[in-house]
Amino acid sequence: MGWFTKSKKPVEALPPPEEELWIVCSSCKAHIFKQEWDKNLQVCPKCNFHEKLTCYERIHITLDEKTFREFNAEISTSDPIQFSDAAEAYKDKAEATKTKVGLKESVVTGSGKIKDITVTVAVMDFRFLGGSLGSGAGEKILLAADYALRHSRPYIVFSASGGARMHEGIISLMQMPKTCAGIARLHRAGIPYISVLTHPTTGGVSASYAMVGDLNIAEPGALIGFAGRRVIEQTIKQELPNGFQTAEYLLEHGFVDQIVHRKDMKDFLASVLRYWQRR
Amino acid sequence: MGWFTKSKKPVEALPPPEEELWIVCSSCKAHIFKQEWDKNLQVCPKCNFHEKLTCYERIHITLDEKTFREFNAEISTSDPIQFSDAAEAYKDKAEATKTKVGLKESVVTGSGKIKDITVTVAVMDFRFLGGSLGSGAGEKILLAADYALRHSRPYIVFSASGGARMHEGIISLMQMPKTCAGIARLHRAGIPYISVLTHPTTGGVSASYAMVGDLNIAEPGALIGFAGRRVIEQTIKQELPNGFQTAEYLLEHGFVDQIVHRKDMKDFLASVLRYWQRR
Amino acid sequence: MELDFEKPLVEIEKKIGELEKSAQAPDAQFGPEIAELERKKTELAKEIYAKLTPWQIVQVARHPDRPLMVDYLGGMCSQFIELHGDRCFGDDPGVLGGLATFGDYRVVVIGHRKGKNVEENVKFNFGMANPEGYRKALRLMRLAEKYRLPVVSFIDTPGAYPGPEAEARGQAEAIARNLTEMSLLQTPIVVVVTGEGGSGGAIGIGVGDVVLMLANSIYSVISPEGCASILWRDGAKAPEAAAALRLTARDLLELDVVDEVIPEPPGGAHRNHEETISATQKSLLKHLKKLVHASTKKLVAARYEKYSRIGR
Amino acid sequence: MELDFEKPLVEIEKKIGELEKSAQAPDAQFGPEIAELERKKTELAKEIYAKLTPWQIVQVARHPDRPLMVDYLGGMCSQFIELHGDRCFGDDPGVLGGLATFGDYRVVVIGHRKGKNVEENVKFNFGMANPEGYRKALRLMRLAEKYRLPVVSFIDTPGAYPGPEAEARGQAEAIARNLTEMSLLQTPIVVVVTGEGGSGGAIGIGVGDVVLMLANSIYSVISPEGCASILWRDGAKAPEAAAALRLTARDLLELDVVDEVIPEPPGGAHRNHEETISATQKSLLKHLKKLVHASTKKLVAARYEKYSRIGR
């Protein structure tokens, strides 16, 4: 049955290419002309692999133009356990990441519109320490949930994360109950919460806010799971089959409501939002 | 871990034997001296088969002496769809059963004490049309639930039933939501509800009040399931393994909290009741 | 598929078909003749369908061309978003559910899913739900409760699936829990029996403030075949059993188990999907209108009263 | 099992043992000598344990003779009734739960279950829960909520089980749902970390109004071995990782993640179960006393505040 509504409009393409001319698909290794790649929203036209997007790319293809207003942009990483390995202090690593990626944490949150419907969003960025759930990220996700609660706005979280952030130790782990507490309040108050699981969503993020959406929506082929593939293979001493822990696997096992292609995502979200809005 | 409390006292034996001297165990076919059989609460000393008890036998070994006060004893079978097969009208069949068994419906309900703690009970009797869920039975189970609710008394239901009563058609089926509605109110009000599943508890009874206890307790070896063995075997065109749909199977699959031997049942229930009572 | 008692109807339909074929030109000279046949057909259909035996109604209720849940959704909804999975074990293809818009009403729909052909029916397990299906339905009902939106449940199943895995994963528990939760669900529930209301498998998503039945649908504690094989050890006596069980919509209305019978077009729902769906929509909207304005507290209290009265 | 840094202690213990053996007569001539050795032992134990490195504490936390959940229940409860099953798929032996009476308090207990020996550990999956375990725990917490009774949760796990079936049945969902539901559970929750607090597997039953830790228990986002193999591609560097992760009870108290550290007897919990359990009981009862008198509304609001502050 899938889903249907009367009208669908094409999603705006990503901004025009800059320097490189060709992209190599990290899944099927096909060479794709960059213009086509961007027009296709960084989805491989050969194998349908949905490449990771930066948080601003995601916002660009999801929210109506110039409607995004960022929350708590000043919240940054902290170093609660003064973590350091032999090579590098976490503090320095985080600073280097900030400079390189141009973000202060692994998630950007804010308010914006999807086809004229105001929503609160949180968008994770895998480039920032693997999208890990630092205390700044947890705080931003919770604050955005609180904002959605106070203003009765639907909350949409786009996850892309390897899980907890080891360098923040137990403080990172505690972002799991912290963020879930914010979602629990939305559930109790009847505020819609959509979790969009993109490639990859694993560990402490899959085991917290990303898995308890009213709707759990996934992009095709996204890796979604709790334990890492290698850890599982070590445990059972055999290789895992292809397709294990993919979006399609999770749909089959009852944890994902719909798999939606990136080009249809904005339409899909708008449909759901319109459904809610008319009350 | 199982369960433990400080003291256990032996359960009173059943009343002295009457005419027959020997009982043949319907499970292992062993011949047991009737006096031993009764002393053993109709549990086979050879194979531990828990034979079906009549409702009054169950009340006798469960409630403190002379504490049982029956509710709604006048409620009897009705004939809502004027059911009749070629051989016999349901009305006549029901009348014959009433005379033979000495009951007016497949369940007896009332109030009583278990080790001095007042409880509301419903006890099904398989002899009455296979313990089927007639409209009179549903009504009595609901009224007892209502009584438990109004008086804040724990409710204990001993099930023994083949399921819905075909002869009352759709009216029998509707006793499933009807009884469950009574249980739902107990859940909401915080009133304890224990379901004791005895041999056999299947069909519409297993798929309604019998399966939604705060605690689902089963007697060893009891047959518990939704569909009949023969129906399943016809569906899959192969034989089912031994042990399928037994109390032990349900424990393993997560639907039964504890399997309690008949001789320990009163102690077990008293433990649970004492736990609740002290609030 | 052609039912025995429909033969005279089918013959007229064939004739009409032939005439329409011959009349390929737009200035159809057979116009009046066809109109007359149509009139006759309607009359005959009414006549035949007014006198159907319970067993014949069973056959109509099971007719493979009868509109299915997907047809109702396609015909009635301006929007439908399917939601998959029970968030626990799997996604049962035998139960369909999601967010739907009916006219001005946003509802959460759940229902049994049958197929249009053998392939689809194998895929959807002939509308026989597994425990995952009941749990998916419950999850969606909880969502409806969260949003204070009504639930609309479509019943069309031979029964809950009687397989060993279904037993292992708690078919009984899944149905029992739904009955318990639905009785106190803090939002309106409308149930429509569109085809077969098969026993526990039907009631497992069938507790409602209002229960509607299509005129030629059935609802029974046991299948006529099952009843016959118990009573007479002979499944062939199903017609007698069908009569004894009182399983037709009219019976259930008389027994106060359903609230309204939705009329079907002459000759049955399978002859005219559009009209059937339109009648169903009309009835649904009428009841939704009433229910969404009721206070939740009163609604849930009335639901309790309704079920507690059955068989009293 | 003898830990490296315990050797001096073990030697004294051996001597005491020998002396006690020799002194079989009731008029024990070695009495004063034994007393002196005992005194020395206590002093030495205090000295050694005051200086344990994080990695040594990890080893104590995992010591096979450390008291397990069943020991705490056996030592503290006048009554315990185990309840099995998640009412959905199975009964996870890696999670133990039931109704318990601690002093004057009736509580619902849940916790990780480790074994006393290899055979038991295989049976209980070394305290690594499957999704069914988290769902059983949630079911029991709902029961606690129904009865307005406190939940006491015992944490002792290397982590949630990383097996393919656990993934298939939703390990992530089961933990996520527990975190969400526990945050609003309308009844007090006390958590005690008794041994290993292994990451998501621990927090999955570890959200509480009060979180306590035994002095030599640990609680970490990742095992030291896992951390070492990520950072240095060398599991043998676990001691360095243990230090970097700040996973000891003292660390967590400083980081405001736990509310109280329960002292262990000199030489660690594995040297004296009775004293350990008694200290735990004392602490638990103290907190239960406070919590059961709080208003539920305030309690749940405070729980939210508590978690929202972590890492702020």
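In this document, chain identifiers A, B, C and D correspond to the written order of the chains, with residue numbering beginning at 1 in each.
Following the convention adopted for this analysis, contacts are C-beta pairs under 8 Å (C-beta built on N, C-alpha and C of every residue); 3 or more make two chains touch, one makes a residue touch a chain.
Treat the numbers as computed from the prediction; the structure is a model and nothing was measured.
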Result of counting contacting C-beta pairs for B-C and A-C, higher pair: B-C
Distance between the centres, which are taken as Cα means, of subunit C and subunit A, whole angstrom: 40
Inter-centroid spacing, subunit D versus subunit A (mean Cα positions, whole Å): 34
Centre-to-centre distance between subunit D and subunit C (centres being mean Cα positions), rounded to whole Å: 53
Multi-partner residues of subunit C (each touching 2 or more other chains): 87-89, 169-170, 173, 177
Sequence positions of subunit B contacting 2 or more other chains: 187, 253-255
In contact (per the touch rule at the top): chain pairs: A-C, A-D, B-C, B-D, C-D
Subunit D contact footprint on subunit B (complex, rising order): 1-6, 187, 190, 192, 214-215, 251-258, 268, 271-272, 274-276, 278-279
Complex contact set, residues of subunit D against subunit A: 160-164, 166-173, 175-177, 179-184, 199-200, 203-204, 206-207, 219-222, 227, 230-232, 240, 244-247, 251-252, 255, 257, 303-304, 307-308, 310-312
Touching residues on subunit B, where the partner in the complex is subunit C: 78, 80-81, 83-86, 135-136, 138-139, 142, 164-166, 168-178, 180-185, 187-188, 203-204, 206-212, 224-228, 231-232, 235-236, 240, 244-245, 249, 253-255
Subunit D - residues contacting subunit C, complex: 87-89, 135, 169-170, 173, 177
Complex contact set, residues of subunit C against subunit A: 70, 73, 78-91, 96, 98-99, 101, 106, 132, 136, 143, 146-149
